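Two complexes, one shared chain (chain A), two partners (chain B, chain C).
What follows is the complex of A and B.
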């Protein structure tokens, strides 16, 4: 297989195709710390794209409760187990060299383990382009099964009555993980398709599946470690998230000609999401674009990290990790950048605070932002960390350079009058 | 009935307590997150008292009303000392 450079791994890796990158790349940042799992994003997507017969179990966007929840069930536990087994068989260890970093080429250090493509190469004979599995119907059938709610009483054979019992429940810690297709740089679905029915668009990096070419072999379903390619039994072809490409192209009738965020992003009431397009260099890294909010969050502030970078797909979804969850779990999920990301998030500098105000502030994609300085309004040491807040103003601009949003770090508070307290 | 975590059954994380985590750290982090977006101690306490918010309510049940209340008040006090002229408070 050809070698391609994966900047998230800080090294070259094997991939079935030669490297080819789009001019712009669709990408997003989710702040896990603010998500309440209301599933508004999930239903915004469902009601737009997957409401038809045969799509009942298809949730292109889902929010699952970690560490207990998965959709499809066990997806990450299963692929992590497969990758672990592959390392054991190869006598290798999945570890990161974090001593040698480079801001552009290896911001998280170097991953010295196997990716899912390299693990497949070690199989003799090689069976697939990437290690993976196809989830069962049961695993697809019930998103959010046994997650936040109690699991119910456990019955035993021969019992005719159930003893009064306290229902089992999760304890200690959890967080919500929001998931959509990552429109990866090195997509496993693209690599695995024997019909070359899946392709990455040059204009925005969105990965699309040509249903005319697809014959429903489900190799994409097997290979995608994030399990975001899905099979539709009524049409016998596979389907996947389309990145709301008509909105990205500016074809939404609401604002013709203006790129809009996807439905799942723009519906978020918790303001945890921001989505945009980043300029790409020919080598597959991001071109410097300092005032692009996504570029700033991922490359400058480094508070947002890719999901399971060790799989080797260079996913384009980035997450601000939850500050309260155990670090070993988070390092496995988001790589070795977790500690630095959380340090910066819990004591943010003034630019990071300002940029956070852009999350879900407008439906239009923000291509550039500016921060106008305001007065210092807060200064303290919180649990040993110096913390300052400036009431700066942040301004977001759309693709045409027009101002589309303006907000301050101190958001105005509006208190509903008593007589309307509980009305909508 | 309560089920213990079974290390040889990692696929069935249903209704079991997974080892790990620091409950005091989680309490402080959750309180600080809400203070940073302007919530008052009363509003934050509601998240812990209400059984509808399972993460915070589990901490409330494990640590007790007095402990959680005192921790919120201490962190809010530390936080509120930071406001200077022109700033909002978390009142």
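What follows is the complex of A and C.
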């Protein structure tokens, strides 16, 4: 297999196709800390794309409660176990070299273990393009099982203090994981399709499954470790998240010609989501675009991390990890950048705090932002260090450079006069 | 003379046993043994009417040839062991049509694709689009040298309209918008095509024949296709196949009939054609390149009179399958073949045993 450079792993890796990258890449940042699992995103997607017969079990967007919730059930535990077994058989270890980092080429260090593609190559004989499995009907059937179920609740059941929920790591904990297709740089569905029915678009990196060419072999279902390709029994072929490409193309009649965020992103009441397009370099890394909010969050602030980067797909979904969850669990899920990301997030600098106000502030994709300084409005000590908050103003611009949103760090307040204190 | 008689008898008995061993045990040979079997050409006999049904008595007049199948393990995704080890092929033709009967053991018929892990049983016949252009790859042809494929799909015959409500009879949905069904009704996939909005049966709207039960009804269970290498399989512009499959007593019998006149050549007595076969076992989740397949087999058409038809259940080949095994059968058959060859040599060296032309 050819070698491609995966900057999330800080190294080259093998992939069935030569490296070829889009001009722009569809990408998103989810702030796990803010999510309340209202599933509005889930239903925004469902009511747009998957309400027809044969799509009942399909949730292109889902929100699951970690660590026990999975859709399909056990998806990440299963693929992690497969990868673990592959390492054992190959005599390899899935470790990261975090001593040697480079802001652009290896921001998280170097992953020295096997990806799902490399693990498949080590099989003798190799049977599939990537290691994987096909979930059963039962596993797809309960998309929100173990909702709000905490780990550690039983072991701390008799504990009457608040100690189990003390930061920095709760002993009794769960968090919500919001999942959509990652429109990966090195998509396993693309790699595994025997007839190239899945392709990555040159213009925006959205991965689409050609409904005419698909023959329902379900190799994509098997290979995608995130399990975001799904078989539709009424058409005998597979379907997957389309990245709301008509909205990205500016074809939504709501605002013709203007790229809009996907339905799941723009419906988020918790303001945990921001989605956009990042400029790509020919080498597959992101081109310098300092004032693009996604670029800033991932590459500059480094608060947002890829989901299971060790799988090797270079997913384009990035997560601000939950600040209360056990770090070993988070490092397994988001790689070695977790500690630094949480450190930055719990005591955000002025710019990070300002950019966070852009999340779900407009349906239009923000290509550029500016921050106008404001007065200091608050100070505190966070983890033993002084911290100040400024009421800065953040302005977001759309593709055409037009201002589409303007927000302040401090939300506008109005104090009702005493006379009307109890009025409704 | 006594000695000579012994020498004659002994090989004859053993040879018969060896032939029986080959016939009864190893007809569906696997793997390398496949090469040894390729010499047996398929002979299509002429009949007044080429049959289109798998249980047509006319098949009794056809010459059964056993074709070994191997698991496709050359390209990814690979298959280590296939469900089908071999097939018996019969071929008959008339003035217009050529018909094949493919028969292989399969313990379970798979024609339901309504849940995520179900795959269809299927079978295919492949031949070069233009036999005059030699060298088409038996693995789906190659660029510039296409192959024609007739592909029988169990679900197109038996399970065309089966989907989620057959898999889950207690399911309920408030309303399938754009299906043409009223609130509370469970539509069929075909309803989207006939009274709803086709766009919501997405693959069908995109023109994918696999997703369109109405097209399938029109075509029948055998779809004509073409390919020029891996991953290029596509429906043929002309759909001209007749036939059907029958699962009975643990075996599939598939009759496929199509015009002798193909776009680039005609199946004729003076033109041997290479044909290849493939079988998918849905229970084993075989699909795509994960299949049991044969290399090219030479096929000839002959107008020679056919023998008197035998009732099919009395045919020798009809009761072969319980003995079909894996490597053990192959080894036994190969061993029997070796014994036969060894014994044959001294017999031949001793000269003709029977008076000739006397």
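By definition in this document, the second predicted complex is superposed on the first by the 388 of 424 C-alpha atoms of A that agree within 3 Å, B and C clash if a C-alpha of one lies under 4 Å from a C-alpha of the other, contacts with A are read in each partner's own complex, and residues count from 1 in each chain.
Basically, a contact is a pair of C-beta atoms (placed from the backbone, for glycine too) under 8 Å apart; a residue touches a chain by one contact, two chains touch by 3 or more.
Note that the coordinates shown come from a computational prediction; the quantities given were computed from them, not determined experimentally.
In the superposition on chain A, contact of A:56 is made with chain C only, not with chain B.
In the superposed model, A:413 lies in contact with chain B only, and not with chain C. In the superposition on chain A, contact of A:389 is made with chain B only, not with chain C.
In the superposed model, A:235 lies in contact with chain C only, and not with chain B.
Applying the stated contact rule after C-alpha superposition, one finds that A:218 touches chain C and leaves chain B untouched. When the two complexes are overlaid on their common chain A, residue A:375 makes contact with chain B while staying clear of chain C. Here chain A touches chain B in the complex through residues 33-34, 67-68, 74, 77-78, 81, 146, 148, 150-151, 153-154, 165-174, 323-326, 328-329, 346, 375-380, 382-383, 387, 389, 391, 410-411, 413, going by the rule given at the top.
Of all residues in chain B, those touching chain A in their complex are 1-3, 10-11, 13-18, 20-23, 25-26, 28-30, 32-33, 37-38, 54-55, 58, 62, 75, 78-79, 81-88. Of all the residues in chain C, the ones that touch chain A in their complex are 73, 76-80, 113-117, 155, 163-164, 167, 171, 173, 176-179, 186-187, 189, 192, 200-208, 210-211, 230-233, 285, 287-289. Contact residues on chain A toward chain C in their complex (touch as defined above): 51-54, 56-57, 125-129, 134-137, 140, 192, 194-196, 210-219, 221, 230-237, 239.
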